[in-house]
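Note that the chains are named A, B, C, D and E in the order they appear, and that numbering of residues resets to 1 at the start of each chain.
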């Protein structure tokens, strides 16, 4: 990234293939703007999101990580997002407990029809993370010196 | 090391207007492993695809990244292109630089920068890709239909006519279901039995149909094309092959305390009984809860009078195991329990009945031989009040009831009102209704006939209270059109109770891993485009199990489900999903956690000889049935040792994408 | 068995019978009813407005007091029971009301609906047990045909009161059977007697009360019983002379348990 | 004294906590109302008139003082609309305005008789005045 | 008493093997050990047998029927390992041994007593023979931290129970967790950075933890995407403890071995305990290892589960 530009956060968005990735596509075909620093990674289902991916993203310099999946009850695989919901609840709480601000992690349920919600969610998330500033914490949890 | 080719699409100006495609192609050239990178106006065009094919051959590419529109649009296209040039289709990755880049950004520099990152992520992932092959699985050419009502019968007949074996499993002693209990059918008023019983007979006589009555599904394993079902055939204490259905035993049985389910418990029957005259199989059954012989060891009269020697008190439940390629759920409905609605005095007076009870009262084969009499004193009623929407259209947070419209009540109530008026012109009939819902061929005409020709008094409004006052039922309700509270002293009140899925449906849904809505109706794979399929492959939906519907709709859906079943059973084998989970046996602990979260039951365990640095010996290892796995990945995250991974979306593939994006 | 006991103001004045027979019977059944020192009037009618906070506070105080003692709170008067149970439900379920009420009261620990509010009849059914009650009866009321009058406040709204099936209650019938009498079922047993209107619109109250008493009479009752002082008044004072008499259920209970004479 | 403050449907929603738009106008409340004959505006119309913002008409009705608070309407409503809460909310908007107490303390003694329980007075004062 | 009973068992089956503790080199050392009929005399069970034998069982062959001694808290881990099919319940004869809290040798040392030769228990008092004479300290002052969060005296799995147990739990075991939750994110981060920076990646926690029992750890698995031994500031180095805590979520019985064995004294159990507390609060009370065959909360769900974004306790500021 060029140095003279204002700092913008780096956001990784994990989207499930069936609902949220399609919702993101719909936001695109509807030309609904959201910041370019949101990068989407396609996963088959929200339950494919391994906490290690989130930690890795933070450690490699992401400032915020968001997971988007089908609304509870609408999972293509029937139950995946229910597991994801519990996993993320526990993980986010643990990260918060270790001092990683809660605002840097988020889960949103976005259906294939909710292009506008996808764009609005991303705008809001980028805003929240921008306010929190750069995330260095997970990169150096063990480097006190 | 992979040899990767990158192909950046302009998509006319759709991408090129906000992304400097040439710069993207140029930037990617310096990525490790990229040996070729170019851009073109329309990659998906025949020329574009030819360009890809040529590059694959010329540069000996092992994988390609196409920077273009959403993979949901053209992933399949480019996979085919790759295959035609000799590549494995799973060596293709798409960087979505249209929907998720050019279309949402306005600034060229920003768009270009993001497109480069997305392309790099795709390249990074591709480095970890491996060729995948989708497996196949054979198809067992037999269908299982659960439920022997009109829905199940119709599906079975249609599938059997196409030449496939069908088993109908019916939990009652006879097939026929709810339709067998009805008197007349709307809007034609033809006799229900007259149109149903020939179908029952046809099913019974069809060489491809096997009716397993008085039986329920006990357990199920397997997957589309390869289900294994265990069916529990309950002991009926009568040898089905010997019983001639003569009915002598049913007359001689000294116990008369049983409530006749077929007649909605309006009359008593013996412990040995045949549900109704046209039952199929026309064989008696003994109720073990009621039978003196089975309870106390004394009696056995039926056995003595049976000339066919069919009575067998030693009979036990029988388990039948069978393979099926497809399963059809046709479990139907029951009316809700009206006892929660005592504001209508349902518990307080036998003269307050549900519509299905009324149906039996009106039926010539019913408990009153079709005579319209009050259940309390068998006297002829003069004033009948029908109340619609009892327990339908209630909000979730209301005290009781169902949130949906039960769909059939408006029409059957009009039918009841009309039949009463036709047979007994001296009886006044009032119908309290909220909305008269009559969409359907000849439905509104039918309802109007009830009003105009038969003089049925339709009152818009609901009843607030029915009180028992002596022999009369005092009905107090709203007449909204007149702005009055009306009071009617009625002799009978008929409640159009909501319908709900059969209580066995919930457990069945769990067994089939077929999803259900909050009301226990089975969910369709797509509400518009796949209305007769469950999201679980190989499971199909027929009749009210999927949602309230009337007979013509049920029969239509039953036929549609049959067509889907036939489509499946015609195939000799099925292609499976290639992106499936796979357990690394060296790292698998055999801890069963993955099995617990698998929605498809695709994971099982086997004892395997393992030779790894950490372990030598026989160990319990997870094994994924690739024909069943749908590739959601729930197991991969549950696995603490990362032994379970998902092909096409492996841990290292996704990690590489993360690294590339956060670089 | 020890309970907090909220008598309410009517039971201290016009409805002394309801109270003292209730206490005597409890004693006889081995139940200790502890009356808190400074309870205040519940207001006699549940304030349904979401923004009505002050009018709910006296109930919250009584509830918090019982919570402190760790006791269930027993009530006798239908109206008090209704008010306390619904306010308790609000304190449990309605965040705004809970927050605002606690802001007012400034208790040591905020009250969040922890107390279990039970009516005397529920105590008889769920804690004592009607079977045990039956055993304790010394004067079975064998020849009496008693019509229970539930009225509105004990039963509705059913989800909040969770007292009995609001459309088909049986607790008072079971009670009547337990004391040896025959319950008389009649259609108006859970329809309003119009008591709240007695000051505002006496005629309407008389009309409703008449309908209730008529219905009981038609069904062959020789006595009606109730748990509500206002219903008792209405079914007694606002009906024609010579109608079926009405009593507090505690009075007939006292008779059955043989403690009535002690008064 | 006449009603001075303008009351809107939103006020009623806030005070009652009832979303009147959930009402499907089935009339079960009015069918259940034991005091229907005295109600110049029956319960089901409260729901529709609140929705239409016709609050003043409701405030001027007699029904708000004649509701028995028996909750039969709320109990039997299939959509959990709770008309009793709507009626009470309208009544509150009236008596909370200056000079709009429906029942005044000095009018009570003449209505008393020796058996009348406190409950009757307390509740009437709470219902009809501020 | 215990050895007598074990001898009795031998009379029925002389091929039995026994898993218990053996005295080590220092007065406090008790090492998990498998005994045969011949070596059974060396088996020792006293107040220093704090270690959890369940994990040790994983490394032992079960071709012979095994008799294992389990303290009440160990029985949870044993159950959990049976649930995860790592141990076969039928292969063991479980003797629940009484426990009144185990002694922390470190805590004795920290009282300043030097030259310790041996330690004797007399009721609630420890008599410590040193080079310089005998000293006494109250037993309850030097209990292991994990005993202060004792889960109770009941053996959750035992074929027979020998000896009495006592619940040694004092106070609220979530007290420290709550204290941390009450801090600001920056304070919490500072706390954990301070603690985790002490880590020398000796893997003692991983080796001792009965839940962290993978045959091949994810950090040693090249397919996991996280294995990377090379760079010191790399992924696994930094996030090892978070991932470890997460991997045992729902399976950790809160046995406290991780903190007990940590040579750097990092309170690792506070990570696990936070998860346990959260899981109990969000999904209802759950105790891993309560019974064999339980389904743990992260492999389960309800339709009404709360949403991950909701503000939690300690999530503010």
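The criterion applied here is as follows: a residue touches a chain if its C-beta (ideal position, glycine included) is under 8 Å from a C-beta of that chain, and two chains touch if they have at least 3 such contacts.
Quantities reported herein were computed from a predicted structural model and do not represent experimental measurements.
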item: Smallest count of steps, each to a touching chain, taking subunit D to subunit E; value: 2
item: Identity of the most central chain, Cα criterion; value: B
item: Interface with more contacting C-beta pairs, comparing B-D to A-E; value: A-E
item: Taking each chain's C-alpha mean as its centre, the one farthest from subunit D; value: E
item: Subunit A-subunit E separation of Cα centroids, rounded to whole Å; value: 35
item: Centroid spacing, where centroids are CA-atom means, of subunit B and subunit C in whole angstrom; value: 48
item: Subunit A and subunit B: spacing of chain centres that average the CA atoms, whole Å; value: 34
item: Intercentroid distance (Cα basis), subunit D paired with subunit C, Å; value: 24
item: Shared interface positions of subunit E, touching two or more other chains; value: 218, 224-226, 298-300, 303
item: Subunit D, residues touching no fewer than two other chains; value: 72, 75
item: Two or more partner chains touched - positions in subunit C; value: 157-158, 166-167, 191
item: Touch relationships between chains, expressed as pairs; value: A-B, A-E, B-C, B-D, B-E, C-D
item: Residue numbers on subunit D that touch subunit C, as the complex places them; value: 14-17, 34-35, 38, 65-66, 68-72, 74-75, 82, 84-85, 88-89, 92, 102-103, 108, 111, 113, 115-124, 126-128
item: Residues on subunit C engaged by subunit B in the complex (per definition of touch); value: 157-159, 165-168, 185, 187-188, 191, 215, 218
item: Subunit A to subunit E touching residues, read off their complex; value: 51-52, 55-56, 59, 72-73, 79, 82-83, 85-102, 105-108, 137-145
item: Complex interface listing, subunit C residues touching subunit D; value: 8-10, 13-15, 41, 43-45, 47-52, 55, 77, 79, 151-152, 155-158, 166-167, 191-192, 194-201, 204, 208, 211, 229-230, 232-233, 236-237
item: Subunit B residues touching subunit D - in the complex, by the definition given at the top; value: 343, 389, 393-395, 397-399, 401, 434, 460-465, 476-480, 483, 485
